[in-house]
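Going in written order, the chains are labelled A, B, C, D, E and F, and every chain counts its residues from 1.
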Amino acid sequence: MPTIHIELHKGRTLEQKTACARAVVNAVKEHLGAPPEATQVIFVDVEKPDWMMGAKLAEGGPAR
Amino acid sequence: MPTIHIELHKGRTLEQKTACARAVVNAVKEHLGAPPEATQVIFVDVEKPDWMMGAKLAEGGPAR
Amino acid sequence: MPTIHIELHKGRTLEQKTACARAVVNAVKEHLGAPPEATQVIFVDVEKPDWMMGAKLAEGGPAR
Amino acid sequence: MPTIHIELHKGRTLEQKTACARAVVNAVKEHLGAPPEATQVIFVDVEKPDWMMGAKLAEGGPAR
Amino acid sequence: MPTIHIELHKGRTLEQKTACARAVVNAVKEHLGAPPEATQVIFVDVEKPDWMMGAKLAEGGPAR
Amino acid sequence: MPTIHIELHKGRTLEQKTACARAVVNAVKEHLGAPPEATQVIFVDVEKPDWMMGAKLAEGGPAR
C-alpha cells in the first residue's frame, strides 16, 4: 500500500533506478512493516530547467 | 472542483482516455455531486520501466 | 497499475467515495483495459479554504 | 521548505517559466515568510490532450 | 488551466495563504499568459515531522 | 534534488518514519548519486478508508 513517487533529474539509467527502488522497497518493509507486494515506486523524471531552486532565483541569476 | 489525476502506463489512445475521462466525470457527478464544469481530469503517462512493483523487486528479478 | 488520485472538498461520506471509486475502477477497466486488481483510488480531502480559484482571487474578494 | 508544483500546458519557454518561478518565490517569501533557499518550484508540462475539462466532456464533444 | 500545488509547513493563516495565492495567480497571468479563471491554487499543509530533510538525516540527528 | 513522497496508511510513528526516511536518503545517495543535502522525504498519511483497492471494489464488497 505505500506508493512512493521519486522526482529526480532526468538522466539516470534503468539499472540505477531499479537498484534504488529495490532499496526503497526494503526500507519500507523493514521500517514501516509494509509488504513488498503492496508497494509501488514511480520515478518521475524532471527536466533540469523545469526544477527551479529559490536560492538561485533570488540571486537574479539562472534558476538552476 | 474535483481534480483527478490518472497515472497509467503510456500507450493509450486519445479516444480511450477521452472515453475514460467522460465516465470519470459522470461518476464524480453522480456519486459526489460535483458539477462537470468544476471537474478536471489529468492523465499522467508513466513509462513502464519507471513504474516498479515491490513484489518483482523483492524477488530480485526485473522490476516490472 | 493505474493509480488515481481524486482531490475533492472535504465532507463526502465513505459511501459516496466508495460508490465513486467503484465507478472509476469500472471506467478504467472498460475504457483503458486495466484490471481492477491493479487499480488504486486515493481520495485526497482538501479543506475548502485551501482550494483557491483564480477567478475569485482576481476579483479581490475571498478566494472561494 | 515550500515545494510548489505548477502544472501547465506544454509550450511555455524557459524565460517565461523562470520569470514566473521568480515571482512565485517572492510571493512565498513575502506572504508566507519562507526563505528562497528553502523554496523549490517544479514545472510539470501537460500535453493539451491529457488535460480534460469536465464541461467539455459533459457536452459530448472533444475534451478540451 | 494551470493548477498549482503549494506544499508548506502547517501553520499559516488563511490571510497569508490568500495573499500568497493572489500573487501566484497574478504571476501566472503575467508571465505565463494564463487567465485567472482557469487557475487554481491548492495548499497542502504538511506536518513538520512529516517533512524530512536529507541533510539532517545524514547527520544521524533528528530529521528536521 | 530528489523529492520523495511516501503515501502510506496513517498510523506509523515518527521513529518509524525517520528510520525509513534515513534509509531512503541513503538509497538515493548510493544508487542515484544524489547528495543528502538536496534530498527531501515527505510522508503523506492516508486514512485507510480513503485508499481503495480496485480488486475489493470489483468484488462488490467494502473497498479495503
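Annotations for the structure displayed:
As a convention for this text, a residue touches a chain if its C-beta (ideal position, glycine included) is under 8 Å from a C-beta of that chain, and two chains touch if they have at least 3 such contacts.
Keep in mind that this is a model prediction, so the values were computed, not measured.
Shared contact partners of chain B and chain E, listed by label, are C, D.
Counting steps between touching chains, the shortest path from chain B to chain F takes 2. For A-D, the equivalent interface among the listed pairs B-D, D-E or B-E is B-D, as over half of the contact pairs agree by residue number. More C-beta pairs touch across one of A-B and D-E than the other; that pair is D-E.
Under half of the residue numbers at the chain C-chain F interface are used by both copies of the sequence.
When the CA atoms of chain B are superposed on chain D, the rotation angle comes to 120 degrees (nearest 5). Chain C and chain E, compared by their mean Cα positions, are separated by 20 Å. Centre-to-centre, using mean CA coordinates, chain B is 11 Å away from chain C. With each centre defined as the average position of its C-alpha atoms, the distance from chain D to chain F rounds to 24 Å.
Looking at chain E, residues 3, 7, 17, 26, 28, 40, 42, 51 sit in touch with two or more other chains.
Chain-to-chain contact here is organised irregularly, matching neither a line nor a ring nor a star, and falling short of all pairs touching.
Counting only pairs that meet the touch rule, the chains in contact are A-B, A-C, A-D, A-F, B-C, B-D, B-E, C-E, C-F, D-E, D-F, E-F.
Across the interface of their complex, chain F is touched by residues 7, 46, 49-55, 57-58, 62-63 of chain E. Interface residues of chain A facing chain F in the complex, by the touch rule stated above, are 1-9, 12, 16-17, 19-20, 23-24, 26-28, 30-34, 51. Listing the residues of chain E that touch chain B in their complex gives 3, 40, 42.
Chain F makes touch with chain E in their complex at residues 14, 17-18, 21-22, 25-26, 28-29, 35-45.
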